[in-house]
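Listed after this line are the structures, all set down as structure tokens.
In what comes next, chain A is part of two complexes: it sits with chain B in the first one and with chain C in the second one.
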Partner chain A sequence: MHCLWCDEEVVPEVHWGNLLLPDRITHLCGKCEAALEKLEGNLCDKCGRHVDREGETCRDCRRWEQLSQWEGVLTRNRSVYTYNGRMQTMLAKWKYRGDYKLREAFEHEFRDTFHQVFTRDFRKRATLVPIPLSEERLCERGFNQAAALIDLLGKPAEQLLTRTHGEKQSKKTRRERIFTENPFTLTRPTDKPVILIDDIYTTGTTLRHAARTLKNQGCPEVFSLTLARS
Partner chain B sequence: MKGNWHLIALAMLASSFPVFLHKSIVVFFFLLWITMLYLLNRLTGRQLLLVISSLVLFSGWIVFTHELSPSPDSDPDIIQGKIIGSIQKSPEKTVFTVKDTSSGLKTLVTYFNNQDKNGNSGPPFEQLRRGADCRIKGRFELPPQATNPGEFDYREYLKSKDISYQLILSSTDNIDCKGSSYLHYVDQIRSSVLRYNNSHLSSFSASWLNALLIGDDTQLPEEQSDRFQRWGISHLLAISGLHVGLLMAIFYHLAVKTGWWTIEKIQSGLIAILPIYAILAGESPSVWRACLLAVLLIVCKKLKCSLSLTDCLSLIFIGLMAGNPRLIMQTGFQFSYLITFGLLLSKKFFSKSFSFLYISLSVSLIAQLTILPIQLDTFYFFQPLSIILNLFVVPYFTLFVMPCLLTLQFSVLVIAPLSAYLDSVFFSIHRSMLLLLGKLDRLIDFSWVIGDFPVVMYFPYFIFLIMFMAKVTAERRFQALLYGSSLVALLVTISLAPFFNPNGKVTMLDVGQGDCFVIELPHRKGVILIDAAGATSADFHSSTDKVYKQIIKPYLYYRGITTIDGLFLSHGDMDHDGSAPYLLHDMEVKKLITSPYYQFDHQLTDELEKRGTRVVQLNAGQSITVGGQTLFILSPTRDSGNPNDNSLVLFSKIGGKRWLFTGDVGKEAEKAVTDAYPYLRIDVLKVAHHGSKTSTSKEILQQTTPKAALISVGKSNRYGHPHQEVLEKLRHFDTSAMRTDRQGAVWYSFFGQDGTFYSFLP
Partner chain C sequence: MAGILNKLIAIISFYLYANVPLFGRDVEFQEKELVFISNFISSIQSYFHPAFDWIPSINISSETPSDVFSAKDLLSIANRFSGKLLLREEMKIEEVLWDELTETGMLQAVEAIESRWWGWRCRRCGNKLRRMFAEIPCARCNQTHIYCRNCVEMGRVLECQQLYVWTGPPPKWPVQEEACRWDGELTHAQQQASDRIRGVMERGAGELLTWAVCGAGKTEMLFAGIGCSLEAGKRVCLATPRTDVVRELLPRFRQAFPGTSISALYGGSEDKAADGQLVLATTHQLLRFARAFDILIIDEIDAFPYHNDPSLPFATSRAAKIGASRIYLTATPRKEQRCRLEHGQLDCVFVPIRFHGCLLPVPRLIFSNKMKKDLQKNMPPVAFFDWLRQRRHPERQLLVFVPYVELAGKMEKAIGPLLRKEWGELAIASVHAADEDREKKVQQFRNRELQLLITTTILERGVTFPSVDVVVLDSGHEVFDEAALVQIAGRAGRSPDDPDGEVLFFHAGKTRSMVAAVRSIKEMNNRAVKF
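Here is the complex of A and B:
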């Protein structure tokens, strides 16, 4: 097996601890694995970024919740990794340069977080909805990264939303992002709770727009799970 | 498969269980485990397929090689074949293996050097060379097999070396050999080095040098190898990875530091030298394992192929096993692989940089724990303190003995004057160390006799061990403690099992021409021995400990017995009491019971005094209760002047049957018993005097009406026992006879008042 990132050969080493139950098949070598930062410890109750004290809500989230039109739209977000330098380059290679297979590098951790955050019962009830790309963007990239992540979980993705074409999110300022028009339209309403899946949570605008679109048409509750949190 | 080759090796191991140990369930569990790993996403589909197909393929291969039926050729008196392996010469005998050209079966040929009538001790054995084509006349026979529970099985041992027959060469005229292979020159170097060492050094230093560097341990005194074995440090006497590693390190540093050679050249040099050294050092499984592992590692490094250590070890295991699947039954092979595998698994644990002392202790403990089940399966006991002993002895051997011997070897071959000095240094230091070890051995012998380790217990044992080590490595102290205690609890359970066992057992051991009966009462309430046959030495005057060491002691240890509540000695013949002194020496014998006319020899008296054993002398009409079991003495009533007729005759009810043990009494003494007890009826008769016609009269059979008769008698003994007349009498009275010369050990296993007779051989 070769590392998906640096292509170094990965030779699993047997020791007493993994003799009976071998380690999971890894896609990253030890070094590259270590270069990724998992979000653990004290996390913001709302958006899942690092905070100082347990159970605290971060400043950004408090601001969101103060605005009446956004209050309680998104129940909670959780992310797997910090959006650090390595994550940034990995996501760029995956998304923009079409290294589709690279998503396997995140498989175990993404699945683990999914299982840790949501109870078995909730996982059964909830619908997994990928944040859609506009048709032009999808054409450009060849795949929707959010749908690809749902695929890693081995669950069906429900395409409940579509997106009208606009400027790239990453080219906008925070202010511009927060006050943009809602780019999403609903294809069909749902009365089940929804878990939105996306690759990255930056300001949370996209996810909130999507959540509001769903909630306006009768969806009871919206959570989100993203690969990275900047 | 990289990093997972051990799974293939384990598949091979699992597939050997059904054939060699009749445990098919192992394969089932292995498949279950592997499939589970696949389902849990720990193995890819390709890996699963590879493991399963290697399991199937290797099972087929084992069955195929196993079924290679050993039927002798049409003319069993002549073998035409090639000498394989080296020729082992010792002062007493010459031993070599011949592979039959047509059938491919191997025969071990032994020639006793001093049996030539002309007194020619140096036979013209120059044509005996590795690879020579030979034509040998002689009778080839199956090697002797074990006939008692717990006994070492020579036939199985030779089979594990792929040898099916043995042949005793009676004269050098009966062998004709031609040619040789290239490897013969290695043998020549070996034997000349051995000879050279023997003639140029003190015999003490030469014996250690030859054992530790050249792999010839025949010169080491048996007492030493016994002691090393008892303390679980016999790995130091065999050339192993330790030695090979040390040799390599010294060779490497000498060459690099002096600038003779480049590292690349040294590596190539080692690849060429190591296999030759393996042959030179006697080709034991541990030497091959160590040398091949080193070669494979160097080759991997040269080819820049990243194989892990466990992979390399597994690949060598796979290669050697494919060559001869029976290797797995060799204790040396098992020890060597288990220890190495266990230490490689601990690499992560050792990498945490502890103190030297802690690491040495851990190495010693891990090595001891990984081989413990096999140690118990082979010797039925282990020495818990050997872990601590290893701590001192291993560094002593690594840092002093080996370097010293290497220098000695070098100097004796190159700088002769230095060797005499080194010889004396080694002699004085090593001898005092051995003396110290001997003292320790006598002072703190806490060997723990556990008894037979059931094969099914291997699984919980190894699972506990693996979990224990995993938790220790992960520094989960509490869980580690939990698994560690489970491990100890398992051992305690096995050693306490007899105390919970409601079954009792009466065993007639096959001690050849002699008697030894072991009565094990239910719940281990008592262990009674009636007679302990000894072996007569070659001159027929004294006894040796051969029977004791090879049959009685292994049996008692196998059953986890170290305390004997009552030892009855029927009379003073070697074939009934010859092993008594050794028994008294090794075990705790609470009572020794004899007739008043028993003559104690000085060896027995010495041991009795030393151990302070109580001696009870009983007359006819008296009885004694041992562990709740009452035995009645029916004879002797008077001193008849003949030791045989003075034999104790014992009556007891055991397991719902009435037993009569008669020692060696003759017809007259029998008559005295039947006259004194006219209403005596019995179920089982120990036939007196091994079935001699001077005993077992018609009258005793008629009156006591035994249903079963036990005859303890040697195979084709020189007295013609058991006598045809006796056998016919038994048949006439419908008494079924069971005899050790045909059935091996015979035992009656009972529960309450019911029981069944079993025999060791079918």
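Here is the complex of A and C:
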């Protein structure tokens, strides 16, 4: 095995503990694994970022909830990693440079978080919806990163949303992002709860727009799971 | 059964003994079989030696009529795209022009990844490692494709994407009578090397290794040859592993060749067209060239990453035209080149003397048994301080090499107060590859604003400081191989005003690299004395 990120060789250690029950295959070497920060501990009840005390809601989320049109649109977001420097370069290589295979580096952690956050019962009921890319962007990149993440979970992805072409989110300021038009349209309504999947939660605007689109047409509840939380 | 065996032996003997039927066997091949055999053999060969026969040759005349561009436009397009190997996205031209060029066949598409029975090879970076290829479900054509992970940073190469090669009229460069305007003087040794280099460049289709000591003045030796080649309308490339070197060379070449279009290419450079007759580039940039240059000069052939990354030799051999002359420059050839030298497969010219005519400083090895313990406390060994107190030329700046990054910063903090106590106000800095202020600190050191600079091996080559003493701490560490140590020693005494600096290797036990480095420096000095 070679590390997916630094291409260093990973030599698995064999001991009595894993002789009969082999460990799961690691895709990253120890160093690269350690460079990624998992989001654990006291997390914001809403968006899943670090907060000081347990059960607290962070300032950004309180501001969202104060606005009547956004109140309760997104029930809860959970993310796997913090968006640190390494995560940033990894996401850039994966998404923009298009190194599709790099998603495997997140496979185990993403699946684990998915299982931790959502109960088995809920997982069965809910639909997984990827945040779509616009036609143009999809053509440019060749793949949708959110759909690729759902693929990691081994679940079917339901393309309930489409997106009209606009400027890249990452090139906008926070204010611009929050006051953008809703870029999503619904292809078909659903009456099941939805888990939105995306690669990153930055201000939460994208996910909330998508959630509102779904909820306006009869979706009871929308959760979201993203790979990183900045 | 016997028939098959017979033929097999015949095939082997055919290739081993060049068409001599072995063991008196008389086997006749049918034409179909011969084709099969040669395909089979060439596909085995293709694994070891990449063939570049897929690059289409130039075959379109310049008289192709067109209403999209004029003849003059065509020339500038030819200059811009000839010898390149680019993705559609990298071309950055309008759709109309693109359609015209592809329809007339001036841009020809080639498959980006070649598929063989043993796997794939990326035609851009030469990668053939199985783990460096991965699958991707392509949203464009709803199929799963192979892509190359090795060169994904340059824009992904997919199986369904094609690379484009210019097959239109060849580029035309302005005719020059006297391209080289450099009027400096060469030393005797330099002159000799310069003549040899020029000879190879004029003759074409040859290789020459220029084995010149650190500070021999390699660039100046190239000028005469490059000038001649430019006058003959040849395209020249100088590839070097480091960005800093390209930046440093550009003004010097601009001055020496004022009438020539020069492109400087490195990651993040402004020159996107890369349409110069003379190209100064980092070796990585050659990944975008194919059959482009008549003269290819590879600087520091032994240096990282050229030495470590198989895609770079691949790219250089693709970037050179068939029948190109190649000049390699090095101060410390590796095993591979030495082996070829010994077997007489590679011509070599020595430049054992520095341009100022003085010998290389020979490193002094100083044993210190508590080295490891001291380094753990981020301190240099006691012997270092002893030496520092009785330095012969305390006015010289001091360059301290440490084996790993963390140590550089920590040592700066640890010894700063100590040295200040003894020597008064003293400016110290440390620098490593990922340091944001790297360029600034090096410049400060060059301007004598810093007295002491602690560095990792990043400053081992390509940098010139006028008057320094050089210290290597823990020279037995594995990052200091022979080449690195010779290069490090070569930082001292580079200026004619102060031609001998002190070089000290502090070690906790001699290693082979240290001994070999000292021996190789002495050997060069012997050669220089004879000279």
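Just so we're on the same page, the second predicted complex is superposed on the first by the 226 of 230 C-alpha atoms of A that agree within 3 Å, B and C clash if a C-alpha of one lies under 4 Å from a C-alpha of the other, contacts with A are read in each partner's own complex, and residues count from 1 in each chain.
In this text, a residue touches a chain if its C-beta (ideal position, glycine included) is under 8 Å from a C-beta of that chain, and two chains touch if they have at least 3 such contacts.
In this text, all values refer to a predicted model and were calculated from it rather than measured experimentally.
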First (chain B), second (chain C), both or neither touched by A:K93: second
Which of chain B and chain C A:K101 touches, first, second, both or neither: second
Chain B versus chain C as contact partner of A:R24, first or second or both or neither: first
Touched partner set for A:F143, first chain B, second chain C, both or neither: second
Touching partner for A:G154 - first (chain B), second (chain C), both, neither: neither
Contacts of A:G41 with chain B and chain C, given as first, second, both or neither: neither
Touching partner for A:G55 - first (chain B), second (chain C), both, neither: neither
Which of chain B and chain C A:H2 touches, first, second, both or neither: second
Chain C-facing residues of chain A, complex: 2, 93, 97-101, 138-139, 141-144
Contact footprint of chain A on chain C as seen in their complex: 131, 134-140, 147, 149, 152-153, 155-156, 158
Complex contacts: residues of chain A adjacent to chain B: 1, 9, 11-17, 19-25
For the chain B and chain A complex, residues of the former touching the latter: 2-4, 6, 33, 37, 40-44, 306-308, 310-311, 344-349, 463, 466-467, 469-470, 472-474
